[in-house]
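Some structures to go through are shown next.
Okay, so subunit A shows up in both of these, paired with subunit B first and subunit C after.
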Partner chain A sequence: MRTHSHTPRMPLFWWLRRASYLRYMLRELTCVPIAAWIVVATAGLVDLVRGPAAWQGFLHGMASPAGFTFQLIVLIAGVYHAVTWFALAPRTMPLNLGGRQVPGSWIQGAHYALLLAILVAVFVLVEI
Partner chain B sequence: MTERTLRIEIQRYQPEDDEPPYWQGYNVPCEEHWVLLDALNHIKDHLDGTLSYRWSCHMAVCGSCGMVVNGDPMLACKTFVRDLPDTVRVAPLSNLPVERDLIVDQERFMTSLSEVSPWVIPAGTPPEDAEYRQSPQELARFRQYSMCINCLLCYAACPQVGLNPGYLGPAALALAHRYNLDSRDDGRLWRAEVTGSENGVWECTFVGECSEVCPKHVDPAGAIQQMKLANSLDWLTAPLRRKERS
Partner chain C sequence: MTMSNKPVIWLPFAAGGMVAALVLPALMLIVLLSTAGGMHPPGLEHATLLGFLHNPVAAAVLFLVLTLPLWHAAHRLRMTLQDLGVRTSASRRVVVWLCYGGAAAINVVLIWALASAVLVHA
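Presenting the complex of A and B:
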């Protein structure tokens, strides 16, 4: 007798099946506002090159309610991505120093320290 | 001894009937110390002898009794009925073809496993009249990944396994990593031909559920990310290796 197997099809909304899948999709979705920010920031650079009037127009746009909301969304997306990514870092880059496993919290801490250092460096560059 | 009646709804499938899977419910009088596997054995022995499922050791070692319980991939022998709600839905492992009832076709994993060369590939000839020496620190590097019992819960939890039919999958890649980390092994670049291919580690998007459901705490997701890093470094240093050879 010939028998055959049943191959289940992946449902379109598979990512609603588990809370962890949804959190994963949210993490992946954060790339959309961040990509949009890169486009906007590039437009800002172009305006900067075009002259003071164009640059002021860009700054005005960024300070508008729509511009503010957009930046807030980008900030939330960026922070969510960074926090979830840093949480995974100890598993991605486990460190063994002198035959001993470096605790995951140290690796995470190093990521936050590096982020802080970059933020301070950028702040100093912009303000000085 | 306390008894509790559990309503167990099982996804049934009989290939000879040419009908899609359907749900069949059983009321099972369970004792408090039972695991889900005991309840399934009760159904098989007393209620419905036609029910098919795999099991063997009853102690989370053989990896045979993996199934999806109320949406979560679990080992039936490691799931206590006292931890389950009054109604339980039991389905075969997701993302794999169903052969019959709760039995899935494991061929995909078997093929993937053989493709990653899961054995020690020594550099040169093994030492004569002596064993390979390995320090506890060297053992600790890969020990976690050698705990895999091939239960395929990780395949059921990984959406990429369901979305990409060619993907090697978490367990096979974690086992490849286990040998890559072994101090006796020199086969990493050989395995990278497969693990770094289009069906290898780059298909993983780090959903991370494979590690969450693993009954042996293997962390295949971590292994795969580490292989991505190694694969990228190998790609960067490939010109240097070519120069060395020439």
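Presenting the complex of A and C:
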């Protein structure tokens, strides 16, 4: 008997076929701008260590039209990741308290509350 | 019982996704406002920020805040590229090296920069 290993054939653009597939692909691809921002932030830390002039150069680069556009895309990707991550939280981290299932909306709400608290903490830290 | 390497990948993946969702939007927004937004918070002045990162605890926290989402992104991109058709074992191996190798290379630079901030006299 011959055996065949199954090799699924998928069209390259299968994720354009349904809105839900597209949302899934967009969600997964938020990792690209987010990773790019971490790379840029790392470059910024290198500039910080190199000295005040290099640091100013980094800040100016981020303020340029290209830097602004990049940061805007990154922020949208970051927020989209957060929204989709929190939306999945009730299923990835179901919580049982005293034998009763904690409602999903509470788990999501707790994540948004924490996001807001961290936002305030970061703003206080840099004294805005 | 066979040992699986899955938890080694999954734990930082989950932690990285959580940090990316909870902390990175705040950092992205603050940097955006402080550069293109024209705000000049004192915390992002060169001496202040370098002095802040001179504290090893602060540097370690920032390291985790950046490296965990980086690992998350590397793993997620690898999986997404498989969804997009990278299926042969040879091409999958290339993607593994590019994703995790790239993340590891950035990590080395990140550790160097933060260690310098901790060690260099501000």
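A few points about this structure:
Keep in mind that, in the parts below, the second predicted complex is superposed on the first by the 119 of 128 C-alpha atoms of A that agree within 3 Å, B and C clash if a C-alpha of one lies under 4 Å from a C-alpha of the other, contacts with A are read in each partner's own complex, and residues count from 1 in each chain.
Criterion: a contact is a pair of C-beta atoms (placed from the backbone, for glycine too) under 8 Å apart; a residue touches a chain by one contact, two chains touch by 3 or more.
Because the structure is predicted, anything quoted here is derived from the model rather than measured.
Once chain A of one complex is fitted onto chain A of the other, the partner contacts of A:P94 are limited to subunit B, with no touch recorded for subunit C.
Of the two partner chains placed by superposition, only subunit C is touched by A:W55; subunit B is not. Looking at the superposition, the partner that touches the larger set of subunit A residues, subunit B or subunit C, turns out to be C. Of the two partner chains placed by the overlay, subunit B and subunit C both lie in contact with A:M10.
Legend: residue contacts after superposition of the two complexes on their common chain; A:A113 is shown touching neither subunit B nor subunit C. Applying the stated contact rule after C-alpha superposition, one finds that A:L22 touches neither subunit B nor subunit C. Where the contact sets of subunit A with subunit B and with subunit C meet, they give residues 7-8, 10, 15, 28, 92.
Considering their complex, residues 1, 3-8, 10, 14-15, 17-18, 20-21, 24, 28, 88, 91-94, 96, 99, 101 of subunit A touch subunit B. Per the touch definition, subunit A reaches subunit C in the complex via residues 7-8, 10, 12, 15, 25, 28-29, 31-32, 34-35, 37-39, 41-42, 45-46, 48-49, 51-52, 55-56, 59-60, 62-63, 67-68, 71-72, 74-75, 78-79, 81-82, 85-86, 92, 111, 114-115, 118-119, 121-123, 125-128.
The part of subunit C that touches subunit A in the complex is made up of residues 14, 17-18, 20-36, 38-39, 41-44, 46-47, 49-50, 53, 66, 69-70, 72-74, 76-77, 79-80, 83-85, 87, 103, 106, 109-110, 112-114, 116-117, 120.
Interface of subunit B with subunit A (complex): residues 13, 15-16, 20-21, 71, 94-95, 97-100, 105, 137, 140-141, 159, 162-163, 205-209, 211-212, 219, 221-222, 225-226, 229.
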